[in-house]
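You will see two complexes here that share subunit A, one where it goes with subunit B and one where it goes with subunit C.
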Partner chain A sequence: MSLITTLARLEAVRSGHAQPAATVRHRHLSDRPLVFVPLITAGEAGAPLGALVGTDRDAPHLLAVPQPRDRDLRFAFLAELAGIVLPHVEAYADSVEAAERSETDPETGKRVKVEVDLCADAAQLVVPSRAGIDFVRLLGRSMRFRRTAEQDPETPHPAPPRVPLLGRWLTHYGERARVPGSSLLLAMTDLLGRHWASGQSTLEDQHLGALLAWIAPDGGHGDEGYRDDGPGGGAPTGAQAARRAELARDAAGQLLCPPAGPATDPAFDNKLLAPAIERYDRARTALAAAEDGLEADDRLGALTAAEREIRALVESRTRPTWDAVWRGLDLLRALPAGAHVDERWTRDRWSFTSHRDRILAGEPPQPRRDDAVTAANKLATREREQARLEAQEALDDPLVMAGRRLSGEAFAGEVVDVVMAYSESRRPSPRPLVTVRTDDRPHLAERAKVYRALNGKPQTAEYVGPALSSPDGDPDDGTVLLRITDKMGRGKEPEPGSVPEKGDLLCFTLFEHEQRGGAKLPDPEQTPWTHGGPPGETAAAAEAADAQTEEDVL
Partner chain B sequence: MTAETVAATDAPAAPAPATFDPGAEAARATAAILHDTLHGTERGVVVDSPPGAGKSTLVVRAALELAEAGRPLMVVAQTNAQVDDLVLRLAEKNPDLPVGRLHSSDTDPYDKALDALANVRKSAKAGDLAAQTVVLSTAAKWAHVRVDEPWRHAIVDEAYQMRSDSLLAVAGLFERALFVGDPGQLDPFATVGGEQWAGLAYDPSSSAVTTLLAHNPDLPQHRLPVSWRLPASAARLVSDAFYPYTPFRSGTDHGDRALAFAAPSDGSGPDQVLDEAAASGWGLLELPARHTPRTDPEAVGAVAAVVRRLLDREGTTTSERSPSPTPLTAARIAVGTAHRDQAAAVRAALADLGVSDVTVDTANRLQGREYDVTVVLHPLSGRPDATAFHLETGRLCVLASRHRHACIVVCREGVDALLDDYPSTEPVQLGDGVRHAAAGGQ
Partner chain C sequence: MDKAALASALGSPSAFGQSQFALVRGNAFEARVKADGGAELLRLVHEKLDRGAEPPADARVPDLSATGPEGRTARTALALREAAGAPGTWTLLDHPMLALDVAGSPAFLEPDAVVVHPDGSWTVVEIKSFPMLDGSADAAKVGAAARQAAVYVLALERVAARLDPAPRVRHRVLLVCPKDFSNLPTASAVDVRKQRAVTDRQLARLTRVEDIADALPEGVCFSPGLPAEELTAAVEAVPATYAPECLSACELAFHCRARSLADGAVTSLGRPVRAELGGLSTVEDVLAAARGEYGDPDDPAVAALRRAARLRTEAMATTGAGTTLAGTAEGARTGAAEGARTGATGVSEVRPGCR
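Take a look at the complex of A and B:
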């Protein structure tokens, strides 16, 4: 944790309210995010219990699995989910604009520009917490290798038609969420935690209700669960509200603010859910045993009632979280978007488009494990995006930059002197010496490179040393002598505006603003002997779904 | 029977020599390595080298012998400083050898000292260096090179500090390779999480040697058995603590090296710890227990004070290299820290005391370097918690194995209690080796 974050958290504890950790919004938010609030069955991580999903905050779709261990009911849930998610995704996939991309020409081996489709926008998925992202990944993993009856008439338990496709999309979203700064799949707790510092630990921040309590203790909507009943009766502090969100229970022992899931509260499982599922099971057994149509009608009514009861239970536990996610979106939308947010979202659109293209091209689902080359490429991309994100957030947001300045990675100050100088080559280029007075304490090594933003592009300077000839002659007064080395044009005289002037207020960073592309790795078929050689025939075969186990058949 | 023979018969090797002859042992190991490299049938040879065991000497020697055998050779090192150092050493041993230094297109991409060498050609394009017998560069630069015909041989230096994905990018450039490195030092790291690949043989964030051996378990593995840098007082301790499965010995014996001071002790804490370090090779300056920020002013001040007194008391060193006492200069002293801000704080404190020319750096940057005396700010000093970063054994190993004479550690009291309070809670991944077992090989 950086020093400035620690300070912000201490400040939050003292003031009782979350402190801003950003002055702009650092993630893209779609106009129509698809919010997904899933619940799972205790003890069976892969078995969904239900979900709220949709784009309309006032009218979410409620999905529930009355008997989560029933394979057919689970498939029905997934099919219903596919019926909501896929049309949303496909609406974005169908709307494209023309764009250019560099590709290697297979014949000449040269890099050439190719005109391709780029989706004009991409579908955004928002879940309440990081555990929700893991669940999206798990759902994707459980679905993408399934076979439908159409794909394989022999398969013993064919999946509903669109389920494998949903699995592939959710897998893509789950994988993209691992890329720093990406916004295709977002967790609300991460989003809020990026923009506010609460007075609790980052682990506690994973409780959406508690985190929101720090940021907006009154709950915004006058929610029962958030109202303070402490002494004094005034507005609650964040700590009080968070504690209440985490622990407060009603007379029946149920949490007032249910956990954001996908895991449920054991008291809910034991006291409410288990008896309801048992009633459902009994009603189903009774229906199966019905001896005539009249009896069956009666018992079907009982079964429907039991099912409705479970749906009501699922809704009662997901709706507060659903509302909390939208409240979080309200809070975030109040912040203006950072200057580089759009550029990063464009990368998300490329990612979205390339997955769409892979599906259109009839490629098989993503493999269970990455091969050596894919893994290395992904790691390189993520490290590059991490560095890019850190630099862009600092450039977009003075508060983030303040954190970097505090840690010695940047400095801001006033230009107190500019002396023109030239390089010692045959064609001398301008190398002006700029003296900057700063109160920051950057960790500058001799000849270290520093960068400042000049018309959106980084200009490089070299640290020469402390300016000993500063007006008052004190070497410790924080003056830094820099030599500007680029972005001044080709001529002997620098282009106007390209050299700082006396009195300018500038901010230099010790980190680079832009990231270089990494080296090209070999194709997977060219994997070298050090990494096991080419994957060969085994990898080419389509992967089968997981083998059935006894636990699958109940 | 002398004490030495008793110690020798305790050693695991059955036909142990009567006395341990470090020179002969090291020569035997080197001969076996060179034989496997030049005449072996396997595509790779792995050499584990403890701190100061003559790794660079081995790399230079192997390079010269491969060149002599007429095999075009590429050398992969991890940093530009390492590459330049190898070029200088090669030119020193054989000034006539045509050497190529492949460098980046940044400004000042290589050490200016290379310009003085007649047979060293420098270029940013591999094509310009095709005629050179040996071409050296960093892994990062090699990754951008494309060739039709791979090199017949490569030497990969600091292979344990190279990441698996970095080897993947260059492995297509050579047919066979000698991998040399120190398994006890800092593991390579990634700036983002790579848990999804943990346990895979080619986990891109693991070390190059880990991946190499996972896919080629039958490659010959050697180790250099003697540390020429570490004194007898340190070799045993460092070997037991950080190389439990691949022990090594010191090339010198107790009494071969000495650290002495002209000025007597003034009785202060720093002077007492200096005298202890001069006598035993180790010194611990312990400060009262306290939770502090990383740049603990008191600990930083104590480090600076120790360095100041080292110079003030006019230390001299005696060793097998120079039997007469040599003054201990600032250039032969280093301060090691865990974090960069700590290094910056120590530098500032030293400047306040008028000390210059003492190297102050983090463990990562001190890797591969050697000094007479080191002063270490303990990574866990003053901390309320113990994270994986601060617990990494490689970090402590680097800090505790840079010295030829003595190592002085400055630390707040209470590290033992801290270690008890924070048991290791790293998640265990299927297929992932335990750190020591992985480092130890067999």
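Take a look at the complex of A and C:
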């Protein structure tokens, strides 16, 4: 956390309201995001209890598992989820535009441009919190190795038809969420935390209700008692609203603002959910023991009532979170998008398209463990994207750039002098010397390269030294002499507009604006023995589904 | 002392609780791991930690039941001594009881299991119900389990030191978790040398309980039956430094947090924040220093703050962003001072003491 963010947090503490941590929106937001608010059963590895999912904020689909330990009910939940998520994803997968990609020609070994399909847009998934992202990944892992009856008639507990496919998509989304700056799968707490500084610690920011309360304290809880909490009787401050969201309980000991999940509050589990599940179990046992049709009808009614009760419980715990996610989206949409957000979203579209292509090509699900080359590629991508994100956010947002200036990685100032000079080669090129006066304190080494944005492209300059004899006569503080070295055209005279002029206000960075790709890794078949050698035959065989036990989860 | 009851009496009840689903599942898993005289558990210990030894068969599982924690501790020590007298066999201690001196008073610990190897060495076994997915588990949970096991290792070492020759307590503990999405146990050896060393050092440095008690004014009482004001004053007599990490560890954290916020301590935003701000420890001091009204401009922390404040103002001004927000913030500023109004202190500097 930079000192600037710290300062914003302290301001937030004093004012009782969150302060901006960004002046533009740094993540892409789809026009039709698919919001997913899941709940899980405590103690079980990824056994869903229920979820709200959908693209319409007023009409979410409610899914619930009345007995989370029952495999068939769980499969029914997953099948229903697949029935909502997959059509949404596939709608995006079907609409493509032509794009170019450079590939290595297998015969000549040269880089050539090939025409490929690129999905015109990609499906975006939004979950409430970071734990939600982990749950998406876990769901993906639990489903993608399942076999349907069609794939393998022998399989003991066949999965419903589309469930393995949903697992592959969720796995892809979960993996992509690990790439910095990607927007395919977003957590609302991360989004809000990126754009606002609350007056609490980052740990407490993981609570969606509390974080949102800092940003928009009177953001319509639809709860009248809510207003009376402030000491003056007026609108609550963010700090008060956050405390209330975090801790306040009703007379029965239930949290007024249920946690964003997927984990539920233990008090809810013990006092409300457990008795409801027990009633459901009893009703089911009674139905199974029914002796004639009339009795069965009655007991079916009881079972339906018990199920309805659990559905109502699930809805009561997910709906506040669902509304909070949409309120968060409203807040974020009010911010203008950063200039580079679209470019990063295009990378997400490429990622989406490539996964679509892998599925269309009939490739097997993602393996449990990546091979050495894939893993190295993923790591390299994350590192590159991290650097890209940091650079682009700084260029898009003066508030982020301020942080880089504070840490000496950038400086802004006024051009006080420009002297034309030329390189000493046979064909002299322009190498103008620019004097910039700045209040910042960049960590410049001799001949260090600095960059500024010129029509969206970086122009490079070289640090010559402190401008001791600057015309303004102030020999000491904060004047920097730079030599511009590129983007001035091919001629002897620089192209108009490519050389700064006296009086220009410029911002130079010490970091590069664009990231270069790293060295190419070998093909998986060429993996060196130091990294386990080529994958060979073992990897070619499809991975088996997980072993199952009696008290199995998923 | 029941800190949860104390926290409730103070008006800031703790939010810790365990879902009965998790409890049932955890117990079922542990019972499964220890079924058949711990055959599966011993097989895992043999496979992961001691492949050189002969495979466990007819392991001894001594009965450790006794009345009271002292009795059980003595019973455990006796069982360990007996096991040391019978080399070449495997012994499984199911829920032994160990005592560890924490700040001058004994704390009783109950590991899930301790295994005595044929070579006489001891291994701590920790059974957890979070899954090990494709060979890896949640790092935070594994870390917590390792810290917990390290305390058991330390306690066992105290027991071992009283035997002659002293048996070796292995520094690799066995973490047993459900495999993937099943209920089948799988295990992994976890090296806890680092956690052991850290805990050992912390225990050695802990202020002794008597010293803390001596520093308290005469007649201080923490009984939850007392009125809240008296309790608050009593708790305030024990100094504590709240940090957000306390929220996941201590029942009194909410109380300390309210106290810390009322004091305007910057640590309530996180320890790194505090570290960044040098000698400035309250929100008002920092903001005043940033505005240039307070602090020594030659102090690097103050100078950096002023530059940060200037850069932030400049950046906000260039975009005009945040004006709307700043407007609403201004309007509500009056209420902010009372925002954190509750008052009192807690007891948290001494981490292991908080157990």
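Rule of thumb we're sticking to: the second predicted complex is superposed on the first by the 535 of 554 C-alpha atoms of A that agree within 3 Å, B and C clash if a C-alpha of one lies under 4 Å from a C-alpha of the other, contacts with A are read in each partner's own complex, and residues count from 1 in each chain.
The working rule: a contact is a pair of C-beta atoms (placed from the backbone, for glycine too) under 8 Å apart; a residue touches a chain by one contact, two chains touch by 3 or more.
Owing to the predicted nature of the structure, the values given are computational and were not obtained by experimental measurement.
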When the two structures are overlaid on chain A, which partner does A:Arg178 contact: first (subunit B), second (subunit C), both, or neither?
-> first
| said: Let me test your reading of the model: by the given contact rule, A:Pro528 touches which partner, first (subunit B), second (subunit C), both or neither? | reply: first
| said: Output check: A:Ala98 vs subunit B and subunit C. Expected answer is one of first, second, both, neither. What do you get? | reply: neither
The answer to whether subunit B or subunit C touches more of subunit A is C
Report for A:Ala387: first if it touches subunit B alone, second if subunit C alone, otherwise both or neither. first
Task: Have a look at where A:Ala361 lands relative to subunit B and subunit C in the superposition and call it first, second, both or neither.
output: neither
* Asked: Can A:Ala519 be said to touch subunit B (first), subunit C (second), both, or neither?
  -> first
In the overlay, answer first, second, both or neither for which of subunit B and subunit C A:His17 touches.
-> second
* Touch check for A:Arg369: first (subunit B), second (subunit C), both, or neither? -> both
- prompt: So, does A:Leu379 touch the first partner subunit B, the second partner subunit C, both, or neither?
  reply: first
Shared subunit A footprint, subunit B vs subunit C, residue numbers 369
The residues of subunit C that touch subunit A in their complex are 15, 17-26, 28, 129-131, 133-135, 178-184, 244-245, 247-248, 254, 261, 264, 266, 268-270, 272-273, 276-277, 283-284, 286-287, 290, 304-305, 307-309, 311-312, 314-316, 318-319, 321-322, 325-326, 328-330, 332-336, 338-341
Residue positions on subunit A within touch of subunit B in the complex are 178, 180, 369-373, 375-376, 378-380, 382-383, 386-387, 407-408, 443, 447, 485, 518-522, 526-533
Subunit A residues touching subunit C in their complex are 1-4, 6-11, 13-20, 23-24, 41-46, 138, 141-142, 199-204, 217, 230-232, 234-240, 247, 264-267, 269-270, 273-274, 335, 368-369, 398-399, 401-403, 405-406, 546-554
Subunit B residues touching subunit A in their complex are 43-44, 107-108, 140, 143-144, 164-165, 167-169, 171-172, 190-194, 196-197, 200-205, 208, 211-212, 215-216, 340-341, 344
